[in-house]
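Chain nomenclature is as follows: A, B, C and D, assigned in order of appearance, with residue numbering initiated at 1 for each chain independently.
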Amino acid sequence: MNITVWNEYRHEKENPVVADIYPNGIHHTIAGFLEEAGHMVRTATLDEEQHGLTEEVLANTDVLVWWGHKAHDEVDEDIAEAVKHRVLEGMGLVVLHSAHFSKVFRKLMGTTCDLKWREADDRERMWVVDPAHPITEGIGQYLEIDKEEMYGEHFDIPTPEELIFISWFEGGEVFRSGATFKRGRGKIFYFRPGHETYPTYYNKEVQQVIQNGAKWAQNIGTPTHIYGNADPIENISEK
Amino acid sequence: MNITVWNEYRHEKENPVVADIYPNGIHHTIAGFLEEAGHMVRTATLDEEQHGLTEEVLANTDVLVWWGHKAHDEVDEDIAEAVKHRVLEGMGLVVLHSAHFSKVFRKLMGTTCDLKWREADDRERMWVVDPAHPITEGIGQYLEIDKEEMYGEHFDIPTPEELIFISWFEGGEVFRSGATFKRGRGKIFYFRPGHETYPTYYNKEVQQVIQNGAKWAQNIGTPTHIYGNADPIENISEK
Amino acid sequence: MNITVWNEYRHEKENPVVADIYPNGIHHTIAGFLEEAGHMVRTATLDEEQHGLTEEVLANTDVLVWWGHKAHDEVDEDIAEAVKHRVLEGMGLVVLHSAHFSKVFRKLMGTTCDLKWREADDRERMWVVDPAHPITEGIGQYLEIDKEEMYGEHFDIPTPEELIFISWFEGGEVFRSGATFKRGRGKIFYFRPGHETYPTYYNKEVQQVIQNGAKWAQNIGTPTHIYGNADPIENISEK
Amino acid sequence: MNITVWNEYRHEKENPVVADIYPNGIHHTIAGFLEEAGHMVRTATLDEEQHGLTEEVLANTDVLVWWGHKAHDEVDEDIAEAVKHRVLEGMGLVVLHSAHFSKVFRKLMGTTCDLKWREADDRERMWVVDPAHPITEGIGQYLEIDKEEMYGEHFDIPTPEELIFISWFEGGEVFRSGATFKRGRGKIFYFRPGHETYPTYYNKEVQQVIQNGAKWAQNIGTPTHIYGNADPIENISEK
């Protein structure tokens, strides 16, 4: 499978705390464990030409992983539309953490995608609520992350088609942390964890879920529909 | 309940066949039976100032009914955004027939909303597949319309949260003809029938479904969430 | 609307702590606030003849509220089947707390309905995750209950058709606390709170949710389908 | 993957028309194409000891395919319960055609699973309505079967978690023909076609869908939850 990991790649260059955790950028950490799992992985970042997302790159991407936070507005409108278009066409999309506010995700959801948040070293415990789902392969009853940013309900998304994880936060909130959506021929997995100031993407269980999500999101040979004016297949009576 | 019926109102002025069926416009026919059902009903049309959808009108609308077809592109981007915003805030939305391609519906769905179509006097039979749903109140096992435009699958919408009607068409197609969605605090009902060259909105069962849909879509006093940075409710331990 | 409140009514007779909180039984407390809301309310209990659920009572019940805990097995199989049958026919069902293990709910769900539990005075905070749903009318962002029994995931139910509340528990768990299902013409609302040793059913917000749930669950005049061998409506060609 | 194909295997022994189409029984035809696809396939039939479904067979079955029609009542209650239990534990289940009325499916659904039917050589056209779903791999916009038994709505099942195919029938009906459900750790796929008097299971596209369904239904290593009394993970304050 061809995976492209897209990262805004700004915090790592500007904040030494983040640079210390992800010296080559969050994208390289994520690309690393996906490569180890046997996938062909490219990376792309905001400051590259066309954000690294040329037509050719998109056409050759089975699943796109997206991390962004502080520069959603700098993503070019046309490129956001092109990514959305490719998802509708069948490219899988794994949306991580603060990418809930990315242009691509918001366009696909149709809602504000707003939520509550707090940076206060909350403990997070993500409970599996759909133990038949392949995205939970290899996971236990829950994942625990000792310190993370809190995201709390209400999360203003459309009702997820599948709700896989619900997070408990130490400060008193809950959150729908793992959720799937289909749009056109595309499959979308939103996965909450991964604030840039914590080493969350080194967590083996978090890595496992992202791998599972990418595998689930890949579309293999489902039908392409024809739209528009259509001749009748059966006879239509005179009336 | 305060209902606003919005109509593009162009076919009626340009096509004598349509003018003959709906001499005062589709909006007045729809407004008529909704008023008879006891609601306060306004109308609004494309060629009015701000398309008749001022901030005040939207603020005082509980449920907006939308019919449009050939001039979706002429709907002002800001007004489409304002309508979308009001839906997320809690205004109900009933989307009729060719309004599947309206800016408002597409923005809320996040997909192309494309489909197959044919104007060939197909017989349509809409089967009730969710007989527990209040939108089916007063309806039998199915609604039958002798001649209608065909809409066929694939209908490129997100998976409906509730699927209420499935249409059978004489020419060999099926269609998800009655479907509900929630976005933010807003409830949305898409209902398929109503091509302008047929007298569909005089059909008593079609009228009943539109009334039921408006009633279902009204939001009464559900919570308004607060978003953004949030203090903890419980103590967070030192780590 | 005609509501029947069914209670096992054993704890109240055997445990002085419970008798002290609900001297006339949980059913009378629930019936009380539903009557105040303007409904016609009957009660029925396990130790009455036919558990108080004769064919006539069921036929005249629009919505049945069910509370049971320690004597699910004493509910007669035929009566459980009759209740299930009435739900499929269109009677609403509000399932409270430990009734997750009732025969009626398990038959309708098809799963074990098992969960984690603990009686340890956990604080519970039920977050609204579907602020468009009429069951949340009059509620804020969350309901808080100072002490309750904990119910934790995984809750072994089918995926709810609508997920309305998610609980946070002090001891570290989450739970899908408000969930709806449709079965046949019947609408079902499961609502978690209400352990017998706490005064939960005196909580005004809990009462509001139960009223909202009963109102939502009522079926008014939706279609009754005909099943079995069916003549064709359209001509079938010779082949 | 280990697949067990279960067949009632009565029509083939009693009706020469059926025997002619499926001389070794429907189960061998289905087992044949699943073996060709590389799976380990067993068969089991009603008249074998324990219907061929011993504890050992069930324990070693990843996905069970079920065909039954006229003898659902002869399936032993305990074996039906054992199969249901294995599904909840994680065994996939593919339910074919008239098995909508099987004990196992009805227990898992909680509804009557009733429907309309007619044996009149209707043409059936199954439209893909979820083109992102892996069960549609290798299929076009629709599958067409020249002659089949008609099944019509209302199909009294819980709302499917995923609706993949909708059938159009020549006589005027529609049907939700491909639908998925999750129960516990188990995944269930209902697929409509396959009346015993037609050679439907020789249709390559029907075979493809059944293969896809079996592949989709297999559970690989998702978590097993612990139920019952649970110690707190976090401290609970004195109140």
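What to note about this one:
In the analysis below, a residue touches a chain if its C-beta (ideal position, glycine included) is under 8 Å from a C-beta of that chain, and two chains touch if they have at least 3 such contacts.
Here the structure is a predicted model, which is why all the values come from computation and not from measurement.
Any chain bridging chain B and chain D, meaning touching each of them, is among A, C; the list is complete.
Minimum number of contact steps separating chain A from chain C: 1. Chain pairs C-D and A-D differ in how many C-beta pairs are in contact, and the one with more is C-D. Ranking every chain by how far its Cα centroid lies from the centroid of chain D, the top place goes to B. The geometric centre of chain A is 32 Å away from that of chain D, both derived from CA atoms. Contact of a single residue of chain A with at least two other chains is seen at positions 123, 125, 128, 130-131, 141, 152-154, 159, 161-162, 170, 172-173, 182-184, 225-226, 233-234. Considering their complex, residues 84, 88, 107-112, 114-118, 120-123, 146-147, 150, 152-154, 156, 158-159, 161, 170-173, 181-184, 225-237, 239 of chain B touch chain A. Every residue of chain D that touches chain B in the complex is listed here, in rising order: 125, 127-131, 141, 152-155, 159, 162-163, 166-169, 172-174, 176. Those residues of chain A whose C-beta lies close enough to touch chain D in the complex are 90, 123, 125, 128, 130-134, 136-141, 161-162, 170, 182-187, 219-226, 233-234.
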